[in-house]
Amino acid sequence: MSDNPDTRERGGPDEYDVADRGLVPGLASLLLFGVLAVTILNADFGTPAGLEAGDYGITHGIGFALFNIDLGAFAGSTEGFLAAFFIVAITLDVAIDGALYLAKRESDGSIVSAVGGAFSRGRKAGEGGD
Amino acid sequence: MVDAFAYVPAIVVLPFVSFLVALAFGKYLPKGGAFGGIAATAGSFLLSLWVLATVAGGGQHTETLYTWVSTDGIAAGIGPQEIELTFGVLIDPLSALMLVIVTLIATLVHVFSLGYMNDEGERDLPRYYAGLGLFTASMLGFVVADNLLMAFMFFELVGLCSYLLIGFHFREPGPPSAAKKAFLVTRFGDYFFLIGVVAVFATFGTASFVGSESFPVLAEHALNGEFDAWTPFGLDVGTWFTAVGLLVLGGAIGKSAQFPLHTWLPDAMEGPTPVSALIHAATMVAAGVYLVARMYGFYVLTPTTMAIIAFVGGFTALFAATMGLVKEELKQVLAYSTISQYGYMMLALGAGGYVAAVFHLMTHAFFKALLFLGAGAVIIAMHHEENMWEMGGLKEKLPVTYWTFVAGSLALAGIFPFAGFWSKDEILYEALVHGLNEPLLLGAWAMGLLAVPVTAFYTFRMVFLTFHGEPRTDTARDPHPIRWNVKGPLTVLGVLAVVSGAVNMVPVQKVLGLEGIDFLHLWLDGHYGGFSELTSHHYADLGPYSSGYIAGGEIPTVLIGAGVSLALALGGLGLAWKLYNVPEPAEHTAALGGIKTVLYNNYYQDELQVRIAQVTAGVASVADTFDQGVIDGVVNGVSSVSLVSGDRIRRVQTGVVTHYAALLTLGVTGLILVLGVLGGWFL
Amino acid sequence: MSIIQSSTLEPLAALPAQTGGAPLPEWTALGPILALVATGLLLLGWDTVFPNRRTNTELSVIAAVGALVTLALSGWYLAAGTGRPATGGAITLFAEAITIDGLALFFTAIVAVVTALVAVASRDYLDDHETPGEFYSLVVLAAAGMALLASASSLATIFVALEMVSLPSYALVAYLKEDRGSVEAGMKYFLVGAVSSAIFVFGISLVYAATGSLVLSDVAAAFGDLDDLAGVAGVGVVMMIGGFAFKTASVPVHFWAPEVYEGAPAPVSAFLSSASKAAGFAVAFRVFTEAFPIADAVAVGIDWPLVFAVLAVLTMTLGNFAAAVQTEVKRMLAYSSIGHAGYALIGLAALSAGGSHNGAVMGASMAHLFVYGFMNTGAFLFIAMVESWGVGRTFEDYAGLGSVAPMASVAMTVFMFSLAGLPPFGGFFSKYFLFAGAVFNGFWWLAAIGALNSVLSLYYYSRVVKALWIEEPTDALSAVDSRPTALYGAVIVAAVATVVVLPGFGPVIETAEAAATALFG
Amino acid sequence: MIIEALIAFTFVSAMAVLLAPDEWAGRLAFALSLVPFLGSLFLWARFDGSGNALTGGELAFETQIDWIDVGGYTIQWFVGLDGISLPLVVLTAFLVPLAIVSAWTPIDERQSQFYGLILFMEANLIGVFAALDFFAWFVFWEAVLLPMYFLIGVWGGPRRKYAAIKFFVYTNAASLVMFLGFMALVFSLPVETFGLPEVTQSIAAGELGSFYGIPAETIGLVSFVAMFAGFAVKVPMVPVHTWLPDAHVEAPTPASVLLAGVLLKMGTYALLRFNFTMLPEQASALAVPIAALAVISVIYGAMLALAQQDLKRIVAYSSVSSMGYVILGLIAFTVYGVGGATFQMVAHGLISGLMFMAVGVIYNATHTRMVTDMSGLADRMPVAVWILVAGAFAYMGLPLMAGFAGEFYVFVGSFGSPVANGLMPVFTALAMFGIVIVAGYLLFAMQRTLFGPFRLDTDYELGRAPRRETLPLAALLVAIIVLGIAPDLFFEMIREAVVPVVEGGVN
Amino acid sequence: MVAPEYYLLLAAAVFCIGLFGVLTRRNALYFLMSVELMLNAANINFVAFSSYYGDLTGQVFALFVIALAAAEVAIGIGIILVLYRNFGVTDVTVPREMRW
């Protein structure tokens, strides 16, 4: 993994080994938990209203909410998610598209080596870009 | 009959035109533009004579020619707003007389330069004659100035011309540094003069010399309460006027080479001799005295300033004369003699002898110019050798020069019939008479008196060393012949040196009671023409002094004074005769013992001023290192601090993702804590 | 300054006679977003129909045309004054999930411009890349996500749109699968992105817990009376700020930016640092003005302008100070982009309850993002061009480029001095309006820190200019042979736009300010 | 519309010269730069303005168009000339062609870029002096930095990079401080636009309100100090002057001619417009410290010049010293004081321009500026040397030269001024000592380099300076003498514009 | 009925455990698992408060979060694959070429 010494004085991984830091970074998450716990315990909620089935049942309600259809019992508070539904559809498609591109292994042989070598991508002509 | 006054501006413009002509076409004109210069100065001389005649016929004239800054359209703002800066012309007995003196000597010097410069084959002549032309123009401009600002401007221009002419031979190392020294020392004097000019404007709102609105008249009213002059920090009017008087005096001391600022004149001898004759003997150096005379109405109101002027004058007279004793070069002796003679004039002005000062100014101009031109002639003859110990026995070979030189020397020494006696005697008389009830004035008179024998001694030491005895070098044996253009001016000035005394023989008039022969007194008293507030009697009754007499009456005082000063002069001459009128004169300075070295080094004044210059240069380099080090250091420091801190911040980016995640969590928790504590969630 | 004075009909502003006088139907408000989505899908389709054909040019043209159409549509709507209170107010669709108003259209315009420039530039950049197809679809769909993000007015839509932007960006950053830099950048971007989106969604859940609704207007209503739930809501708000900080690369969540902007392919860096940052600010502006109104928030103890002020100062200072000591131009530009995020944050920081100039400050910040979009994209595209010449990446390698490629270097000088805020270029007005707005709103100390940082920024921006014009060219410049026309064109267009925006700053700042005041309205 | 035409033409000609080939870029630039010069003469001839632009005087060639309205303020394109700004425009238009001609010899690579940048700077300079709306003015004010950075950076001397970046960042930081000061001032005023006249008149009407709890007086004082600090860097005044010598020494001759000739005047012009016309009470409240700073600038600047060995550094430091006079004149708040200061700006512009050009001509021949390296040049280059001597005397304030007129008016105006609770006479007397030190170091430098026997350490054989290098010098000398003899050419209109400032001042 | 605070507490605990995993584990796949955990913590909250307020918003939105979590994992796997191909290791701390 040749490194270009002249551009900047960055050593390899050895000079600063991460492993020994061990669990110390973990403390940050414990600290966050402590803070969250304190805020939560200080807050006092009223009595929960609870969900009553209503004439179509909850799963039907979810389906209706998903498509902004008249929500019967839950009309008051539940908001429509149609817009979110369309967006999620496209997003999942894009995610698949991106993931497949990344995972796709270019056909072996010429292209891989050719591309790797030819494409200096900005490194100095003489630089190593394996 | 067109009056002469319409031509007054022409007097100033003619030499200026010759300056332009010499500068532009000098190369192509014969003798490098000399004839243009001579014609111009001669023309001015004739016009000045005509003006003199008109003034004698009872005329006087003042007129504003060009408004530099008009103040129309300025409403009453705050502070001195309504100052109008103008250029104007003032012709009165004093200025008419001065015009004649300056133009006469300028013409003679131009003619003399033909011999001195052209015949000796000097190069760059156009630049020489241009310089002379410009000098004469600015000197005449100064003489006719009707207000202090115009006077100051031409005062400085004259200083510039002296710089250019002293540094004429700029290819050698000597003249440029002499020119620089001359300009710097006079500039130091002009600094005080400029403050004086600005102070006059601020105090009176005007700086004109003449008219009911002139600042001396306003000063008069201010002193008796009719005019509320502006004064800084609530000073009372009297002390403030004294201060302003002293400030303007600074300029006069600088230009007329009085005591502290005299060191530049001996070095100015580096310039060509006609330049020394014109500038450093007759005209420019007189500018200081003329300035004080011009605004004498203002000085008379402040007794302390008068006393200081007198004392400085007296001291310089004695101080410079002693230095003249031991000098070896011809021109050096004359230089110190000039300083001492102007000391006398300052003494006269300080002692209330307004007419005496002007009289000595006139006579001195003639015989000192004569002596300088004589020295010039000798230098031509000796192939530019100036050391007197290389000369001797020139009497037979240069008869005309010898006799005119002797006439000048007699006048300078103040021997009876010659001009010098009358003018110097009247100064001492005025000083004595006013000094009897003024101790400071008496001291000044004593110094003046003591200087008389010394002057006589060094003058005749010079004469005997140069002309008498055996020629000591072969050049002295067969000197270079001198032509008419040198002899002509010498003879004219020789006659004047002898005759000019007759203009104002006050002692004769007092002793013999022949009324009317003191023409100069009448002339300056407004008897013929002139402005009432500029006459000598007006100054006398404003003046602070009352005259006391010794041994009974006025006549005995006159006789005793004249007798004592003549006796001392003859004594000095006799001593010089005994010591130096021998075929093989020897250096007699051993007799002086210790003070010889002091005199040689001119009381170490030069070294003192060089010391001051070195100290300022030292302070300047300290300031420079401070500036580079501290102020610049701060600027560079700021930039390097920010770059170093930038480097520290950069290091936080370690490249490891888990660190980023950890710092991210810490950041969010921190924000929650900050907001929580402020918002009071946790309490 | 609305040219067409429309009728008071609630839906879209009345259009001139040519469309029969009746205002366009309501759904057409989504025009710009639909255009982007349609282009994205078209690109996907095109790539599947011609899988192995090196169709780089056509794809780039389709993407660019799509972006330009969006730009035209949003520009036209803005000019027509859609969404202004004067013309019937914001248009809400899908049960208040999406609102089309001045803010949405303004940021859609910014995103469209940047996308167009990136699409055109990528044609040359990916010239010898074997499968360029996915690149364009990912870019355009990410842009669609950003447009949606700018118009989302419910936390649900916001989160989903945010993901729609992030997911393709992760793929785009790691697009050069064989280049270690791009892969490392992609990995870091993904990991930090995943964590911060998790934090963001946890924040939303807390806010939902406290207010019981996701739609911004209902949240605002509930915000008034949550007396004892303030703690929970407060933590939720801070965590959401963490999410926005990720998108806008502000301080606590900025660590990914230097590596990603440096490692990723230059057009992607341009895209991320201009478009996605602008979208992040758009959603931050909308959420914090509509969902958490300042008066109620401060009353309840959640003084979020103070938090943003802290973030602004830290981001500006860190961005500028770190940039001053960089040795590589691209990494310097990354840090400068963080610095500029700090300046834009002033738009949120210098707000005070009932402040008379809130609209002016936020408007100035939006205008700054608009001009910044041009400058920054141009600068990164210039670096893309230099990379394609293989001349090297440090300041010393850039020495003497001015003599070899004068036109491009002039463009880069325009970008650099405009980023520094020097007058003959657009950046000057946008930065100074921002500082002036901060001073007017009473936050003169914030403007002072901004001014201090912009002085330091002048230093390192002029290091680039010094390298281009003043240093002597080394021998390495012989490699500068090819003239990538499309890349060249994009850079020149961006430069011309940066210069033109100075005299033409009137319309930009006026629309931005109107949009911002509408938010506070 | 004439001012816009002038500025637009200069911009276009700058572009044209940028694209012209290097060989005849110089001549084309000179030809093109004559047009703004003739334009400025036309402006001068047809000048019909009266009174001060800021205090409601009637403007010449005024145009006012709305440009941007934002946050309740409308930013206009507001341009006009009055008695103070016209002389400076004429000075700029006069100096630029001469600077271009003086660049023909020394600048021998990338000429088209050089002349293009000079013309670009000229357009901005005319803009600075003509603009009367803050933002338009500020655009021109900052835009001047850019070309000067490149002029020093690309064509400068050995340490040019350091000098260029120092100049650039230093002046930019200053103008930011000034910007914030002005913004705070404008916001606490009930004004609708950033127009300088409107701001001045509303302050004069006493409408300076409080600003987020900070009382009006402190706002006035704080913004005065901020603006003063910002402009003091440009003047430069002593504590913040260290960028000037570096910039001057490293800049090529034509660039330092314009830097000393016009750029320094931007600072004093802005001080007069912003600090002394808008906030007269604060100005007279701070009169003592400002006057003290002015005197220190004069004496300290002159002392520094005394210690220099490089001719250009000497002239640079003496600019610091003569700018001290201008500040002294401004703080005096009398017609002669403020009028003299404005006149001194023009006079110093011409004289320092002449000095730099002359030193440049000597440098072109001898390739050294060190006083120790050469002597006796008068023998070999008479015309150039004698004009340099005349310039030096003009610098020392020799009468019948523009320098004396400027300095004398300042002295007369400030000696009797009632400001600074009566200390003005002391300050003026101290400042006047500057003329002695100036004479000292200029004469000393001239004596060592120009007179005495000829010696040159750098081995260049020395011939007379070519005519095209001495002609601009002669032109400048003639201008200085004409202005010295007839100062009312400019002083008339300056005085007319200054009277309202003085009346507005403290009584 | 369980008081809502405890749901919040549970969600916070799960969130912090996920965060702990992210901060300490070096393998990329563990990283993905931890992020999944954090997202699910949010879901707990949504569902809990959906019933607390008696409306379906929370539950519907939880579906969306799950969907997007899946999409994220897809992209994550893709990136880890590319990482492995280039660096030969799936350790997140190894690629440290770009820093300072």
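The first chain written gets the first letter, and so on, giving A, B, C, D and E; residue counts start at 1 in each chain.
Following the convention adopted for this analysis, contacts are C-beta pairs under 8 Å (C-beta built on N, C-alpha and C of every residue); 3 or more make two chains touch, one makes a residue touch a chain.
Only a predicted model underlies this, so the values are computations on that prediction, with no experimental measurement involved.
Q: Kindly list the shared contact partners of chain C and chain E, in label order.
A: Under the touch definition, chain C and chain E have A, B as mutual neighbours.
Q: Report which interface contains more C-beta contacts, comparing A-C against A-B.
A: A-C
Q: Whose C-alpha centre lies nearest the centre of all protein C-alpha atoms?
A: Here the chain at the core of the arrangement is D.
Q: Relative to chain B, which chain has the most distant C-alpha mean position?
A: E
Q: Round to the nearest whole Å and give the separation of the Cα centres of chain C and chain D.
A: Using C-alpha averages as centres, the distance is 42 Å.
Q: Roughly how many whole angstrom separate the Cα centroids of chain B and chain C?
A: 78
Q: How many Å are there between the centre of chain D and the centre of chain E, using C-alpha atoms for each centre?
A: 65
Q: Between chain B and chain E, what's the gap in Å when you average each chain's C-alpha atoms?
A: 98
Q: Multi-chain contacts in chain A: which residues touch at least two other chains?
A: Chain A, residues with two or more chain partners: 8, 10, 18, 25, 28-29, 32, 35-36, 39-40, 42-45, 77, 79, 81, 84, 88, 91, 95, 98-99, 101-102.
Q: Going by the touch rule set out above, which residues of chain B reach two or more other chains?
A: 639, 650, 653-659, 661-662, 665-666, 668, 672, 676, 681-682
Q: Touching at least two other chains at once: which residues of chain D meet that condition?
A: Correct list: 169.
Q: Pairwise, which chains touch?
A: A-B, A-C, A-E, B-C, B-D, B-E, C-D, C-E
Q: Touching chain A in the complex: which residues of chain E?
A: Interface residues on the chain E side: 1, 3-5, 8-9, 12-13, 15-17, 19-20, 22-24, 26, 50-57, 59-61, 63-64, 67-68, 70-72, 74-75, 77-79, 81-82, 85, 93-94, 96-100.
Q: Once bound in the complex, which stretches of chain C touch chain A?
A: By the definition above, chain C touches chain A via 37, 40, 44, 93-98, 128-131, 134, 137-138, 141-142, 144-145, 148, 152, 154, 156-157, 160-161, 163-164, 167-168, 170-172, 174-182, 210, 212-215, 218, 228-232, 234-235, 265-266, 327-328, 330, 386-388, 390-394, 397, 476, 479.
Q: Give the list of chain A residues in touch with chain C in this complex.
A: Residues 1, 7-8, 35-36, 39-40, 42-45, 68, 77, 79-84, 87-88, 90-91, 93-95, 97-99, 101-102, 104, 106, 111-112, 115-116, 118-125, 129-130 of chain A touch chain C in their complex.
Q: Which chain D residues qualify as touching chain B in the complex?
A: So the residues of chain D touching chain B come out as 166, 169-170, 239, 241-243, 300, 303-304, 306-308, 332-337, 376, 378-379, 393, 396, 398-400, 404-405, 408-409, 411-413, 415-418, 422, 424-425, 428-429, 432-433, 435-437, 439-440, 443-444, 446-447, 450-454, 487-488, 491, 495-496, 499, 502-503, 505-507.
Q: Chain D touches which residues of chain C in the complex?
A: Interface residues on the chain C side: 356-357, 359-360, 363-364, 417, 422-424, 428-429, 432-433, 435-437, 439-440, 442, 444, 447-448, 451-452, 454-455, 458-459, 462, 466, 469-470, 502, 505-506, 509-510, 513.
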